[in-house]
Structures are given as C-alpha cells and as structure tokens.
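Chain naming follows the written order as A, B, C and D, and within any one chain the residues start at number 1.
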Amino acid sequence: MNESGRVEAFSDGVFAIAITLLILEIKVPEAGENGGLWHALGEQWPSYAAYVVSFLVIGIMWVNHHQVFSYVARVDRALMFLNLLLLMVVAAIPWPTAMVAEYLREGKASHAAAAVYSLLMVAMALAFQAVWWHLTRTGHLFDSRVDVEGARRTRVRFALGSLAYPATVALSFVSAPLTLAAHGMLALYYGFNQVPVPVRAPDGVGAGAGEGEA
Amino acid sequence: MNESGRVEAFSDGVFAIAITLLILEIKVPEAGENGGLWHALGEQWPSYAAYVVSFLVIGIMWVNHHQVFSYVARVDRALMFLNLLLLMVVAAIPWPTAMVAEYLREGKASHAAAAVYSLLMVAMALAFQAVWWHLTRTGHLFDSRVDVEGARRTRVRFALGSLAYPATVALSFVSAPLTLAAHGMLALYYGFNQVPVPVRAPDGVGAGAGEGEA
Amino acid sequence: MNESGRVEAFSDGVFAIAITLLILEIKVPEAGENGGLWHALGEQWPSYAAYVVSFLVIGIMWVNHHQVFSYVARVDRALMFLNLLLLMVVAAIPWPTAMVAEYLREGKASHAAAAVYSLLMVAMALAFQAVWWHLTRTGHLFDSRVDVEGARRTRVRFALGSLAYPATVALSFVSAPLTLAAHGMLALYYGFNQVPVPVRAPDGVGAGAGEGEA
Amino acid sequence: MNESGRVEAFSDGVFAIAITLLILEIKVPEAGENGGLWHALGEQWPSYAAYVVSFLVIGIMWVNHHQVFSYVARVDRALMFLNLLLLMVVAAIPWPTAMVAEYLREGKASHAAAAVYSLLMVAMALAFQAVWWHLTRTGHLFDSRVDVEGARRTRVRFALGSLAYPATVALSFVSAPLTLAAHGMLALYYGFNQVPVPVRAPDGVGAGAGEGEA
C-alpha cells in the first residue's frame, strides 16, 4: 500500500504552505517623514532576519522529514498521530516568527519572544525525535533497506543533537538577536550534518549509511 | 482512469491549506504595561486551545477522508459534488476557530461562537456521511477489494457515531470551553476508532475489515 | 514526456489554494450591544453567500479544467501561457468575492461590485475558451483518444454556453444579490452539464463523448 | 531514487502558493463620497498592474525552473540548498509587489519601492544562475539525456541574459511604472525565449536543444 506516500504528500503540502506564509509577516512599511521609504525599510531588518531564519528552519526540517520518510514503507496510527503533532508545530512557526520580528529590539519583551520561538523549536525537535523513536522501536514500519539495529543505535546521537534547542531557550534571556542567529546556524548545521539512516549492506556483511546524495 | 487520484490530490491540497491557515488566527499579542509580553501571551490561551483542537479536527478528518478514498476507484458527478460540499465545510474551519478563540471567555457570545463551531462540525459529519451513503448505495464506485454488502451494513454504526456532533451544539449553551474540549476529544476518538471499510475475504469465505495499518 | 501532468499539478495547486483562501474573506464579527453575536452573525449573510458561490465557481472550474486536461498529452508555449492567464483570473476570485460580500446591500456600490465579479467571470470564460480553441486548432496536443474534428465542432456550442457570463454583467446593474445567485446557478449548471470531449470510436466507425464518470 | 521528483513537488507547492497569495495584496477599496466604488476601483490600478506583472514573473519562473529540473536526475546537498535560496526569493515576491502597488504614484518612495522589487528580481536571477552553474559544474546530477559540455557552454549566454535585471534597478530611479512594465516584458521575453538545455544527439554525432514543446 502506498500509505507512506500519502502521508508524505500531505506533510509536504503543510511544509510548503507554512514556509510560504512566512512572507505575510513582513509588512509594507509606512514611508514616514524622516528619511522616507528607504529609512523605513531599514528599520524593518528584524523582519527580514526572522524571515530568513524561519525559512531555513522549515526548509531544512522538510529535508530531514523526507530523508526519514523515504525509508518508511508503512504507516500505523501512532506514526500518523506523531507526524500530525510535528506538523502542528511546523505550521505554527509563522506566528513566533512575526512575534520575534516585532519585539526583537524591545528589551524585556524581546527575551519573551525569543524564548517562545526557542520553545517551539524544542517542541519541533521533540516531535521529530518521537517519530524517530517510534520508527526504530517498532522496526517493521521501515522498508527492507533499513538496518533496524543500526537505526536504534542512532537514537542517542539523535537525542544529543537536539540538546542544542533547550540551550537556545536559555540564550533567549541573554540576547534575542543572538538567539535568532543561533537558530539560523542550527538549521544550516542540520542541513549539512544529518544523522544518516543506517542501511543494510547488500551482502549482509556490514551496515552503511543510507544518506547518499539527499 | 485515475479519476479518484485527481480528486484525492485536490482534496489533500484543500486539507493541507486549511490546516496551515489556522495559524493566521493567532495574533502577535500587544505587550501591555502590566506584566509585559509573557502576561499578554498567557491571556491568549483560547487561541492556542482553538488552534490545537481545529488542527486535530482537520488532521483526523483528512486521515478518514483518505481511508475511504483509498477504496474508491471511480468518481461520478454526485460524488464529485458531495466531496466539494465536504471541502467547503473543511475550508471554512479557520473562521469559527478564530471566532471561538476571540469569544471563549465572553459570556453569552461564547455560547454563540461555540454553537457555530459545533454546527460546522455537524455539517462536516453530514457531508462525510453523504459521501459514504452515496458510495455504499451505488457500490460500483468502490474498487474490487470492497465488500459492498458489508459496507452498506456499516451505515447505521457510522450514522450513530455522528450523533455526538449535534450533542456538542447543545453543550455549547452550557460551556464554550467544555465544547471545545469535547471536539478535541471527539477528533482523538475518531483518530483511533474508525469505522473500517469492509473488504472481501480473498477466498470469498467471509469479510474482513480493510483498515490495516492506516 | 509528462509535460501535461506537471502543468496540471501546478494548476491544481493554484485552484486548491484560491478556493481555500476564500474563507479569509469572512471576518469574525463584532458582538455589538444590540442582540449580541447571533445578531452580528446574521448581519454577515452576504459573506456566507459569496463564500458558497465562489467556492462552487472555483470548484466546478477545477472539475472542467481537469476534464479537458485529462485529454491533453503535450503542452506547448502558447498553451502554457493561456493556462497561466486562466490561473491569473482564478487566483483573483477571492478579491471580488470579498468586495461583493462587503457591498451587497450598499445600493449603487453593490452594482459596481457585482459587475466586477461578473467581469472576472467573463474573463475566466474567455481564458478557458482560449485554451479550448488553441487545443482544437492545433489538434496535436490532444492524446490519441480525442476525435479532433469532433472537438472542433464543439467550439460553437462551447462559446454559446459562455454567453451567459456577459449577461450577468448586465444583470449586475439590476440587482447584485440576483447576480450572485445567477453565478451560483451557472456554476451548478456547468457542474452537471459539461460540453464533453469527443473521443474516437475504438473501431473508427463513429465518435462518442469522452466524459464517462468524471 | 526519486530525489529530484520530491524537490520538484515541494518547489511547485511554494511557487503555486506564492502566486496565489499575490491576490491578498489587492484590497477591497473604500467606496468614498466622490464617485463611489467605480472611482475607488479605478484609483487602485497600480495594484492590478503589480498583480499581473508578479503573476507573470512567478509563473514564468516556475516554467523555467521545471524546464531545468526535468533534466535533473539526482539532488545533492548543495543543489538542495541553492534551490531553497531560490524559493526563499520567490516566496518573498508578494511583499515587494504590495509595496510597489502602494507607492507607485508616490514620487521618491516609488523609486525605493521599484528598486527593492528590482533587487529581488536580481536575487532571483542570481539564485537561478547558481542552480545552473552548480548543475553544469558537477555534471553528474543531470540525467543521461543532457550534453554536459554543451550545457556548460550555455553559462555565458545564460549570465548575459540576466544582466537585464541589474538594469531595472537603475531604471527604478527614473520611473517606477516603467520599471514595473519592464519586469512584465522581461517575464514575457523569458517565457518565450529560454536558454534550452542541450541534449545529446541519439547517435552521438551532434548536440540538439532539449526544449521541445515545453
């Protein structure tokens, strides 16, 4: 059955829509009396920064989501539900993005906005971890290429990698702009350093890493 | 012909867009003088609750829609039209979601908002029932796996299950927050307890339930 | 080459998004002092009517678009461009929908709003006609099932059917609510009475109509 | 692996959503006391012009994106990342579109708005060039039909073609309406004159241009 393909297509839709809705956060500025439109455009830099960072976050999350689901052959109710939780967090990202953009230079409020943004990233990491744990725990949802034992062993590395997100919550109370920059760098890092899905060696001798070109 | 696939893909698009538009309902709060942004964020809890419930409602409805359409091989005009009615209701959900969020603590208005939300859920259940009745009445739109007689017998169970929705309309006049919670629980219930599509036994001896892993 | 499939998938996306954006036109009403939220909800009936009519218009246009493209095997530059024009009109529908809803009871302005709505429908009919004329004129873009001569002969019927749209422009200056109702009825009419795509008889004796269940 | 198909489907989604969000830029006008709704509608012409031009820009960019990706068989991390950059620019287009529409008749501010619009087009051209350079430099990401040497030779022509975009930035400081018209004409030009992807001759004698009907 093509269960996995259906879930992927729906998830892709949500990722694509959430990433494209981010632009609604950037408003057309008022060309005030001092300096005109150029000045007003310059004043909006937090909106541009938040757009770029959230675009990377959702884009890279999409890449990783697909990387994992390309090894999934079957979908059970629990996986459907955990995936829905993950999408619920991803679809919410335009909201803290707009909030961080609005409050980035606002002292105390900037810390609150950055913390909410970071907490949403923690929630996203947890939901993605939950998907991975469920897949590796059950095993039989993977397609036949996957080395299930090897996949189970990646869980600790995977979880350790996610510890960076709670750290950004703490960073939020130091500096909101730094927190936003940290999320941009984390997205780039995960874009170029994924935990690979371990695949069986064709001859059964060892296990390779099924990341390939993706 | 790949009629069914086309209708499914279009429907998936509408589901994915409606579920992602829900976030537009949550506004960036004004950081007032009393308590700042954290306080303002806390005051917005009805928006978060409405977002989570409507996300579950649309997400689970999508799962059930696909469950049924995965057994549909042909699409006639009436099915096209009934499906369009269902999508018209699903696409409207962001509107009562925003309304419930805005009025959840507003006394009399909260009852009206919750009742409109519940009435939309009644409309969604009726449209989905209409799709199911049309499929089971005509029979020939199903693919060959489906036990049409068995499918007809599910109609009463299916209809009884939908009686919970009119009950939430009544509950709206008691308590809007309770009504919202009820819709969240109904979505979860239908997420884990679908009426299965009956399939033919391979050897023609009996009829099983074609739900499998989905 | 799978050219036609690519254009169809992109077009489907635009149809699905435009139809789902319609809900953004319906605002959460202000619960005024007189009569509360129920009264305010009742006052919004033009928004509901406009939502339902435009949903049907886009939904049925999608059905017809697919009906035609399911017989298209190749896409040339002109078809790509004409299809883009059609999508440009379809994607614009949420705007006159919101305008008709806002001005439906506003005397002179209601006529202007209804006329703009109707003019957009004229533009949509013209763009769809242009697609059909290009397909029947070139012939070689159809797949092999299509009876090209028969398809050419449908052009007059097809064009006559579209004369109803200019008539709604005239009707706009009589009554905006009647105009909206007329568009709803036209959508339903075209939903159940399409000009079929003529197909070759398998044995070459005669020509049938390739509409089937769709 | 179907890597290329996944990236294309996601990109299509972003293109389709960005093009459909353009309509949110056109507001329902206020029917003022002088001349009523018709007058107010006429006053909005910059919004219609900006809508049409940006619709063409995104639509033609989509055609060209697909033209190139239909020859891509494999996707590496760098291509994924460069494509994400391109989508980041495309998804941002609704914002300068709304800005150009709002300030088109506003003297100094019109120049700033047109310049930002043009700069985004420069960014889009650069991102698309980067995708093309990466594909031709690596070579092995193309499918077997592509004449890699021939593709490399197109890079200069491709780059020269993009010089029109920086010129529109200069034009912005002369006239914003002219700049908008120039972008419309550039989109049409690139719609009908693409740099073709060179393909191998089937017999290895020469190289043709793999544009065909698309």
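Quick note on the criterion: a contact is a pair of C-beta atoms (placed from the backbone, for glycine too) under 8 Å apart; a residue touches a chain by one contact, two chains touch by 3 or more.
Remember, it's a predicted structure, so these values are computed and weren't measured experimentally.
Annotation: the chain B:chain C pair of sequence copies touches via predominantly different residues, less than half of the used numbers being shared. Summary of the copy comparison: rotating chain A onto chain D for the best CA superposition needs 90 degrees, to the nearest 5. Between chain C and chain D the centroid-to-centroid distance comes to 27 Å (mean Cα coordinates, whole Å).
Inter-chain spacing, taken between the CA centroids of chain A and chain C, is 38 Å. Looking at chain C, residues 9, 13, 17, 21, 24 sit in touch with two or more other chains. Chain contacts here close into one cycle, and each chain has exactly two touching partners.
Under the contact rule defined at the top, the touching pairs of chains are A-B, A-D, B-C, C-D. Of all residues in chain D, those touching chain C in their complex are 9, 12-13, 15-17, 19-24, 26, 28-29, 31, 36-38, 41, 51-52, 55-56, 59-60, 62-63, 66, 70, 191-192, 212-214. Across the complex, chain A meets chain B through its residues 1, 3, 6, 9-10, 13-14, 17-18, 21, 24, 74-77, 80-81, 84, 87-88, 91-92, 94-95, 98-99, 102-103, 106, 108-109, 112-113, 116, 141.
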